[in-house]
Amino acid sequence: MSFLQIVEGPLFYIAAAIFLIGAIWRVIGIIKIGHKRDLAPPKGSGKVGFVAGNLRHFLPRKIFAKRTWVHIIAGYSFHFGLFALLLFAAPHIDFARDRILGFDWPALPRWGFIIAAQFAFAGLIMLWVRRFSDPVMRLISDWDDHIGSWLTFLVMLTGCLALQESHNALKAIHMLFVDVWLIYFPFSRLMHAGTFFLSRGYTGATYGRKGMTL
Amino acid sequence: MARMKFLCDAERCIECNACVTACKNEHEVPWGINRRRVVTLSDGKPGERSISVACMHCSDAPCMAVCPVDCFYQTPDGVVLHNKDLCIGCGYCFFACPFGAPQYPQAGNFGSRGKMDKCTFCAGGPDADHSAEEFKKYGRNRMAEGKLPICAEMCSTKALLAGDGNIVSNIYRERVVGRGFGSGAWGWGRAYPGSVSN
Amino acid sequence: MSAVAQKAVSKFLEFIDADIAAYAESCVHCGECAEACHFYLATKDPKYTPTYKLFPLVKAYKRHKAPLSGLKKMLGLVPAEVTEDELREWEPLVYDACTMCGRCTLVCPMGIDIAGTIRKMREGFVAAGIVPEGLSVAAANAERTGSPMGVTLKALSAQIVRQEKETGIKIEIDKKGADYMAILSSMEIMGYPEIIGAYAKLFKQAGVSWTISSEAFEATNVGVQIGDGKMAKMLVQRIVDAAEKLKVKHVISPECGHAYGALRWAGPNMVGKEFSFKVVHIIELLDQLRREGRIPAGEKDGRRMTLHDPCQLIRRGGLLQEPRTLLDDSCSDFIEMEGAGIANLCCGGGGGVSANERARELQMAAFAQKLKQINDLGDIDAVVVPCANCRTVFEDGLDEFEVDLEVVGLGELVAETLASK
Amino acid sequence: MMLHRLIAAIFFIALMLVSVTTINAQSVRPPGNAVNQSTDEQIGTSNTLGPDSQSKYWHDLRQGKSGLSTTGRSGGLLIQAQGEQWRLIRKNYIIKYSGWVLAAVLVILVLFFLIRGKIRLKGGRSGQTISRFSLPHRTAHWFMASIFIMLGLSGLILLLGRTALAPLIGKNVYSIFASAAMQGHNLFGPLFIVALVWMYYLFVPGNFFKMVDLKWILKGGGLIGGHASAGHYNFGEKVWFWAVAIVGLLISITGIILEFPWLSANLQLLQISTIVHAIGAVGLIAFALGHIYIGTIGMEGALDSMTTGDVDVNWAKEHHDLWYEEVTGEKSATHDQGETGHAQVYSQDKITGV
C-alpha cells in the first residue's frame, strides 16, 4: 500500500470518524449540560431570539466596524474563501463523489478556485499576523490558536501546491495534513465551527426572552 | 547511429495540412494541441510558399537548456524527448524554442499551462515502449516499431522528409540538382548548424 | 489546589450551564471585544480585553466540565488548575474593570455574553472571599439595612415628607391594595429625592394608585453586583414579601440599571417561584401612560439635551425606544450622540465599580471616553441619564474633569414637562 | 569576451524594451524621392523554377518574418529569433550570477557581524518606551513579510533549483518541489500586490528624501562610527522602502504578465518579463537579507519596533534622534547642534513606562 493510499484510505476514514464522532459528541455534550428553567415571565420569544442572534452576529455593527474593519474583512475573506475551496474545488467534489457521497455538484472553474484561494490565504495570513503583532492578541492567544491556524494554513497550502495534480507525493502530503486536521478538530478551538451557533443562539435566546433589541 | 532530422521542401509543400491531421490522429492529441503546423508565406501572392513545421529536434536544443526541471533528453538518434512526469508546465521551453514547437493544454486558464506537449518524432517518451502510459502521454511510438514519423510517411507530395539526416539531405540534394537552383533547406541552418547540405 | 481556589472553582462549575459552556467553547480569541470595552479603550492595556477576564472560569471549565475533557486529561492536554494567586490577579479585572455593560457581546462574532458570564464568575470570587473592600462594605450595609448606602426608613421618611411639602401631594406609605409599589435606589433616596416628588405628581395626574413599602423600599441589589447569590436572593425576597403583603399588582423598578434586571429577570429564578405581581420599569410605565394619554406632555424643555443609554436598561434591558419617545415629547432640542442606542458607551461605573474605591482611577479613565463622546456633540446644556447609578458616576466624573453640564433624570424631566391640568 | 557578451546582453534588453514601446514608430512617411517598392513582391522568387538565390528569403525568415497559419499557438511565425538571446541571458547571466550575489551578501553579513558585532545601545535600555509603529503598520509589514518569504523561497527554487537542488535530491524529487513552488508562486503572487499597495500607502509618509539623508550618507550611516542623525526613517530605510516600492511594482507588473500570459500575445514581452522579474527579485531578496540582519541580530532594540511597536527611548535617541525630538519635543542631546527636527511638539504622554 502506498503512502497516498494510506492517507486517503484507512487513515482518512479513521480521521473522518474521529472528526465526526468527536465533534458531535462535543456539541451534544454542551447542549446536555442544559439550563435551569427561566421563571421570569418572558417578554418575547427565546426561539426567535436564537435564530435572530445567529443571523445578527454575521453582520458587524457600524460603530465597531470603523475600528475593526481590517479584522472583519480578513475574517470574512478567510472563511468565505475556505468554504468555497472546501465545497467547490473540483478535486474535492471528485473525492466526495468517489469516496463518500456518490453524487457530485458543479465545481468552481479553475480561475474561481484560484480567486477563492487568494481570499482564503490573504485572510488567514492577516488573522495570524495580527495574532502576534497586536498586544491584545498576544495576551489572549494560546498554543491552540496557533496550532489551529497553522494546521489550517498547511492544509490549504499543501492543497494549493498540489494544484498541478500530477504528483502523488504532493497529494499525499495534502491528505496527510487533512487527516491530522480532522483528528485535531474535535479537541481544539477549531470546534468553534460547530459551536458558534450555540453561543450566538443562547445569547440570542436570552435577549429574545427579555425582549431586548439585537 | 543515424541522426534523425526533419526537412520540409518548400517547393513541394501544397499546404494540404494532412501532416497536421495525420499527426493528431496518430497520437490522439487533445483538442487545441497541434504538434505540427503549416505556415504559408506570401499567401495568395506570386512566390507563395508553404512549410510544415514542428519540433526540429535541435542538436543544441534551447528547450533542454532552459527547462527548470531538466525534463528533456536526447536519444542517441538525436530525437529530443521530454518526461511529462517531471514537466511543471512553466512555459520556458516555449519562450526559448525557435520553432514554436511546445504546446500546452488549457493554456490561458489563469496562467496555468498543463504539461508541455510536442512532436516526439513519433518516438514516444521515457515510459516503456508501446505501453498504455506512453501512448496516453506521448502518442504512438512508431520508431520502436521501426517506422518513420507519420507526417512524412503520408505526405502526398513528399515535401516533408523525415529520417536519417544523411539520407534526407541526399534526397533533397538530388531534388535541388534536378530543379536547377540551390539554397539552404528551411530551418536547417538553425536546427543542425554545420550540417547544412547544398 | 488551595481550599480558597477550590471554593471558587466549584462555584464556577456550579454556574456553568450550556450557555457558558458554549461561550467557552466558541471563543476563538479574536480580540474584537477589546475594541468594545471602555476600559481597554481608555487604557489600551491588553489585560482589559473582556474575554481575558473570563480566563479562570474557562480554565476550570476546560479542565473539569468540557465534553472530552476526560480524554484530554489523560493525554495531559487540559489546562492546569486555577490557583488562588490567579484568582487574586484576576480579582481587579473581574470587579474593577467590568461594569457588565455587555457592549462586548455586540462586537463578538460568536455572540458571547461576557457580561453575564462575569456576573456568574463573581459568585466564585465571593465564595472564595476574594472581593474588593468597597463592595464588601456595601454588602455588609445591605445585609444590615437592606441598602448598600445604609439608607434607613427614617431617612426615607424625611425625604418623603420634604417632597410632600414641595409638591403638595400626599404620598401614602404601606397602602394595601395599591396597583403599584414603587421601590427606589439608595442613590435616588439620598441624592435625587426629587424623583419621589416626580412620581407623586405623575401618578396623581395619571390616576395611578401607588405606594412605597416601609419594609422594602430599596431597589439596589448589591448581591447581584458583587456576585453573592445568597444576598441577592435575600434582597429580592424582601421586595417579594412586601409586595405580597401589600397585595400590589405591580412593582415599579426605578431608574436604576442593575435593579431592573435583578428583579425583573433574575428575581423569580432567585426566589424559585413566579411572582404574584408584575415587575415594570418606570420608563416602561411612563411610556405606557403617555401613550394612553394619561400624562399628556406640556411645554417642552428648550435646553439642548442628549441621552445617555444606561447599559442595563437599553442594551441589556431592551428599553431602547421608550426613553426616546418620552424625550421627544419633553425636549425640543434633543440630539443623539455618536453611537447612541444599543451600542452606546457605558458610563464606566456600573456593576459595582462606582462603589469600589480602588477602581476610581480606572472608572474616571473610562468616563473620559464618555465625556469625549458628549463633548464631540458641541454645546450641550444637559444630559438625560435615566439611571441613578450612571447619574452619580456622571456627576462625580463631571466634577473630576471640571465640566459644567447638567445631569437630569428622565422621570423628573417628564414630570416637569407635564401638561398642567 | 565576458564583458563583450554582457554589453551585448544589456544592449539586447534595451533594444527589446525600445522595440516594444516603439512598435508603431514605423508609420514614418518615406522621403518624397524614395522609390516605391512593394515588399510583398520581394518575397520568394518570381518563378518557382527560376535560378534566383533565395538567401534573402531565408534570411528574413530567420529574423522572424511571419507567414500565415491556421493552427498552432505561434501562428505564422516560423523562427522566433529572440528566444536564443533570452536563453543566453537566462542561463549565462541570471542563473549564473544570482546565486553568487545572494551567497556574497550572506558572506558579507557574516563578516560584518564578526567584525562589527551587534550594534549595541550605547546607553543601554532605559526601560522607557516610545511608540514607533502602529498596529496597522506592523500588520501590513508582517503580512508583506510572510508573503515575501513564500514568494522568495518558491521563486529561488524555480530559478536555481536545477543547478543547486536537483543534483542533491534527484530530478524526480526536485520536480515535485518545482511543481509545488510554481503553483505556490502563482498563488501568492497576486497577494504580493495587495501587500505592496497596502504597505506603500501606510509607509510612504516620512519616506521622502531630505537634506538630513545626505549628511547621513556622508557619515556612513553611523555604521563606521560617529553619529548620523535621522528622522523617523534613515536613509537606508528610505532606500529600502523605495526599492520595495519601485522594484516591487516592476515585479508585480512583470509577474502579472507572466501569470496571465494570454493578456499579451507578445512573446517578447513575456521573455523580457522573466528577465526583469528575476533580476528585480534577486535584488530585493539580497536587500531583504540585509534588512532582516539589521532588524534582528544586527542591532539591539530594532526588532521591538515591529513586534510590540514600541521602541526603547534610548534606541530612538541613538538611531532616530530627529524623530524622537519631533515626537517628544525634547532634545536627545546625541546629535550636533543645528540639526533640530520639526518644532511640532507632542505631549509627554507618548512615552510610556514599562
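Structural remarks
Chains: A, B, C and D, in written order; residue numbering restarts at 1 for each.
Methods note: contacts are C-beta pairs under 8 Å (C-beta built on N, C-alpha and C of every residue); 3 or more make two chains touch, one makes a residue touch a chain.
From a predicted model like this one, the values you see are computed outputs, not experimental measurements.
The chain pair A-B and the chain pair A-D differ in C-beta contact count, and the higher one is A-D. Greatest centre-to-centre distance from subunit C is found for B, with centres as Cα means.
Distance from each chain's C-alpha mean to the overall C-alpha mean is smallest for A. Spacing of subunit A relative to subunit B, judged by their CA centroids, is 52 angstrom. A straight line joining the Cα centres of subunit A and subunit C is 37 Å long.
Centre-to-centre separation between subunit B and subunit D, using Cα means, comes to 39 Å. Looking at subunit A, one finds that residues 114, 130, 134-135, 163-164, 166 touch two or more other chains. Taken residue by residue, subunit B touches two or more other chains at 85, 88-89, 110, 112, whereas all remaining positions touch fewer. Multi-chain contact residues, meaning those touching two or more other chains, occur in subunit D at positions 175, 179, 182, 186.
Residues 11, 17, 20, 34, 37-43, 45-49, 51, 53, 62, 65-71, 85-92, 94-100, 103-104, 107-108, 110-112, 179-181, 183-184, 186-187, 189-190 of subunit B are the ones that touch subunit D when the two sit in their complex. Here subunit B touches subunit A in the complex through residues 85, 88-89, 106, 109-110, 112, 115, going by the rule given at the top.
Residues 40-41, 43-46, 48-55, 57-58, 61-62, 65, 67-74, 76-81, 83-84, 86-87, 90-91, 158-159, 161-162, 166, 171-172, 174-175, 178-179, 182, 186, 258-262, 267, 270-271, 274 of subunit D are the ones that touch subunit B when the two sit in their complex.
Listing the residues of subunit C that touch subunit A in their complex gives 16-19, 21-23, 25-32, 34-36, 40, 46-47, 49, 51-52, 65-68, 71-72, 77, 105-113, 116, 264-269, 272-274, 278, 315-318, 320, 338-339, 342-343.
Those residues of subunit A lying in contact with subunit D across their complex are 70, 114, 117-118, 121-122, 125-126, 129-130, 132-135, 157, 160-164, 166-167, 169-170.
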